[in-house]
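Structures follow.
Heads up, the next two complexes both have chain A, just with different partners, chain B and then chain C.
Take a look at the complex of A and B:
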């Protein structure tokens, strides 16, 4: 009797349990695909109707073609470099055989950087600028959060410099770097330093503000615990303040990295740092019939990398933060 | 001779304690003329309506607030800053959410008992968790345990500081009735075992009578002060079920209730409020007429 009753209930439950799940799965996978397909359709439709002095605006097909071309160019260049080093080795071996006292020299390959090397340069530059900014912004934010006076003193400066465009900073940074960074054998190129400093200047602010807000809104009870335990200033910061404000700091860091990545492209264009920004600029100046499609490849790459950077920060936040219930998106 | 003197000077003494808070309209006197002498090992409850300054008294003893007038003396030393010899159990446990129960207690031990070896620290942390029956959840984060368990860990952390006075700010206020009863029993056990001096704030009349040696009843603010002090002469250990029918217990209970709801009534009943309104209206009308 009981069994007979139980079976339909189970089936009912299973049905009830599975149906929305399939729907959810379909929604999760299908809807983004629908969005992308509609976008591609609209894009190719519009592209056909836009004529520029460099030919028709590239549609998805032209962009895909250029993507494969860029990969091929990269492989060809790598091949060339390999062969260049191979020839050097053979030549050096021959000279050493002739004259054992000869010290063989390896000269670096000086071919133009490929698209993928430019991506790497951009990533490297943005990370340096971002890390420098974070190393300044987090401690300063903690000071501002702990001391109302410090915050009141610094706040007008934050509000003043926060909205400044990177393009306004760039000429100043360029001139200062040229004047200050003088070395006969520079470890970094000036264009790299200029770009990284500009990125740092623009991505200081979100981290600084969010850290200050996070630190100043720590639970009062926890501050009282610190007082009752008579924690000294350093252990107060390391055991109470920093862990409490980790979620807020990460919110700031993610905003900063997003801004830094956007700023970097503009900075590289003007500073001629051999990254994605310079790629876009060079293609624009080049003005071949393929330039627009190649720039479009760069645009999509920039977007994709920005998205990946944000996801990486999210993964780090999940690892580091104690607040596992926080909604992270 | 000296010993005798020690016995005569109270363990913890509040003398003419008062506090003003600055407001835009000038200072607001929250407390005035609070005088209290507490013996070593005594369990004191502070009871009164909300807003009467019970927490303020506790915070002054803790050193988190500074009294405007008068002062607090603990073992012949003036209290003017917070410290672990006056450990506080906060209403909302206030455990560090990123540390396990064990680590929360360990932080207090490491900070207050420097000079202990690693092994001694570990033993002392475990001993205190055992005292509040929380050894089984030592490695859990605060978010993973119930409200009552968090409060137990909070008590363990306070006890681990080996305080001269244990200050509890409505420690069971946020808990359900059953959990609260469990924790009250635990606190009675611990008090019997360790003999700490305890000051506890409560809203709960039964809790106050059951746990205390003396109940300090506070008048309503502003300018709140101590209204009456009721000594509770019930034998320990006390059993809540046996006491429920005890005439002495019920007498104490009604004394506190009388103080709170007759002498220091805060809220007027609805019918009285209406009557007053009608009266007001009538007087206004007659004024107009």
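Take a look at the complex of A and C:
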């Protein structure tokens, strides 16, 4: 669809030789670069003038250096993991030779997680929390949108819980998870469940509210069509309600995912659960001269990932939206 | 695979040969029979998770991991930094951690029910010394006038007598004099209290039977809890004027230029026991072989740390400087780990025994060490009732387990990884050190007479006194 739109535009431009349009194109590419360059300049200028007790505030160069260090550390740790497995096999073989009834077992590497493994942990956690929240919020939102009574009943609760900071939930979630989630061989670690549930609790609201609003403001004509065709409840939802409220639902989902990502980092910091938040906290605690630069790497990574998540949602929205001409940003 | 098998057979042969040689050297048939009796079964639990706090004295854990001593015992250990001492203890109690680097007072405090009540035991003492008391630049400037000088440099050890006028000044202005320590039953709390009280500054009493666990009753200096890594930042923020903490957080204050370490715990009590490796009693009963193997690995790590006159320390510092362990800069950690200590900026002095991990039987769990902590808990009211001398001994014997240590050590001796001369004489060791003299106030400590010891202090609860 995008391609079909794009080809005529280009042909049109070539034919008409319209300079302003090319200028606009250049601008679209150049302006962000200008913005970034100015930002980098200001940043390194500011960094030179901020002295902390951990040394100078890191500028772009220091941050880049730490980025490469983190990559090196990751590779070194992977090498260590390989050797760990090699040693383990030798040891297992030795034990089997001595005690043939022994069932050798390969244990996971016991080294500390690297920066990139922490990123993966965080991403995985936020996605699980977000999906759980969406599975609850979208159906609930549809119910609220369809039925005025349901909405009136649930609305006070939404208004009450929506403004609650995730960090207020955290102690409760932690205690409840450790009390309820008891198993001798757990599939997920408790810290993962705690983080995911906290994320889910905060991801619920924007999706819920936006879905309800989207569903309740469906075009009257469409509703009448549904009535005329005498659609049953299920086909009414799948053919009329869902397609027409997709834009609103996605606005909610994108807000939710953004909030979920922010909440997760804070929750990991506070609860010392594995992930990027813990990485930041650990570095702060270490108080080495490189700590600030490493935290800065994490900050930029967090921002970048948040941005990518949002773009991914946008792509999905484009894919599922029936109105391909709507301006999405 | 065939290659592996060949290697293993070869290794096995070499090992048999070695054991054979050892038993040949030890000619007595009785001893070699004894040696084979010491063989320890496989670990019951092979995947273990140990907690630690970011302090240089966690080194035996990091070294046992990095040097492969845990793996050689068939243990797959994960080391995990904990947020603070309370979290660490709670996680050992509820089983999330199999064991942890603990303050010597923690197993004792837990066993007698001060704080969370739980049975925690220890069979391995992790180090001697390693702490210091630091004051902020501002306090140091006021204190320095009262410190005797020689050749332009302060005479060490600096006593709290020099701090007394400063505290009195705060008192007369109606301002509270606040200091930080790391945990109510921490070595640091008792050391800081000992030092303050020796200089005539009352650090305050606890009264748990009245629900008062602030430890500030009749205090002239108000002590409060701050996790070790946050100490420098808290002092920089002006919330506390000084603190007692382990390394590298005193040297960090020097490097950051925010404070001056005034006295090390080596000077308050020479060769004081500091951290222990604690596990819950139920865990130890369920996993006896695992426990012995853990202690074996840690004894080897401690030996490595002190080997050839601290020759391995620079390498140990490099390990500790990794961000998953202590994570502070190499220079900061090296300052105290390699036998020196920097007081005022530029005033670097030799303190070869600032961190002791193995020599002087540092790893052996002495009953008398446990009893010293109990006397201090009594002195400051954490134990609110008078107790008999035999009570102190009973608690020490419940918590400190030299029997497990001895099994581990004998197994190492049998394997040829350690020499019998490096350990106490296990058959005759009573667990009580002979009366110790080297305290900053010259009071002699005899572990066999805790109540008589308590009577010697000018400040603090006596044998029969009650709040």
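Some points to look at:
Rule of thumb we're sticking to: the second predicted complex is superposed on the first by the 295 of 329 C-alpha atoms of A that agree within 3 Å, B and C clash if a C-alpha of one lies under 4 Å from a C-alpha of the other, contacts with A are read in each partner's own complex, and residues count from 1 in each chain.
What we mean here is this: a contact is a pair of C-beta atoms (placed from the backbone, for glycine too) under 8 Å apart; a residue touches a chain by one contact, two chains touch by 3 or more.
Keep in mind that what you see is a predicted model, and the values were worked out from it rather than measured.
In the superposition on chain A, A:93 contacts chain C only, with no contact to chain B. Looking at the shared chain after the overlay, A:175 reaches neither chain B nor chain C. By the document's definition of touching, neither partner reaches A:45: not chain B, not chain C. In the superposition on chain A, A:283 makes contact with chain C only, not with chain B. In the superposed pair of complexes, A:239 makes contact with chain B only, with no contact to chain C. By the touch criterion stated above, A:222 is placed in contact with chain B alone, chain C being left untouched.
The partner that reaches more residues of chain A, of the two candidates chain B and chain C, is C. By the touch criterion defined above, A:322 reaches chain B but does not reach chain C. Legend: residue contacts after superposition of the two complexes on their common chain; A:112 is shown touching chain C, with no touch to chain B. In the superposition on the C-alpha atoms of chain A, no part of chain A is touched by chain B in one complex and by chain C in the other. Against chain A, the residues of chain C that register as touching in their complex are 4-5, 7-9, 11-12, 42, 46-47, 54, 65, 68, 71, 74, 76-79, 81-83, 87, 94, 96, 229-230, 232-233, 236, 252, 256-258, 321, 323-324, 326-329, 332.
Those residues of chain A whose C-beta lies close enough to touch chain B in the complex are 219, 221-222, 224-225, 227-231, 235, 239-240, 243, 322-325. Taken in their complex, chain B has these residues touching chain A: 62-64, 81-84, 86-88, 90, 92, 94, 96-98, 107-108, 111-112, 141, 143, 161. The part of chain A that touches chain C in the complex is made up of residues 53-54, 87-91, 93-95, 97, 99, 105, 107, 110-112, 178, 190, 272, 282-283, 285-291, 294.
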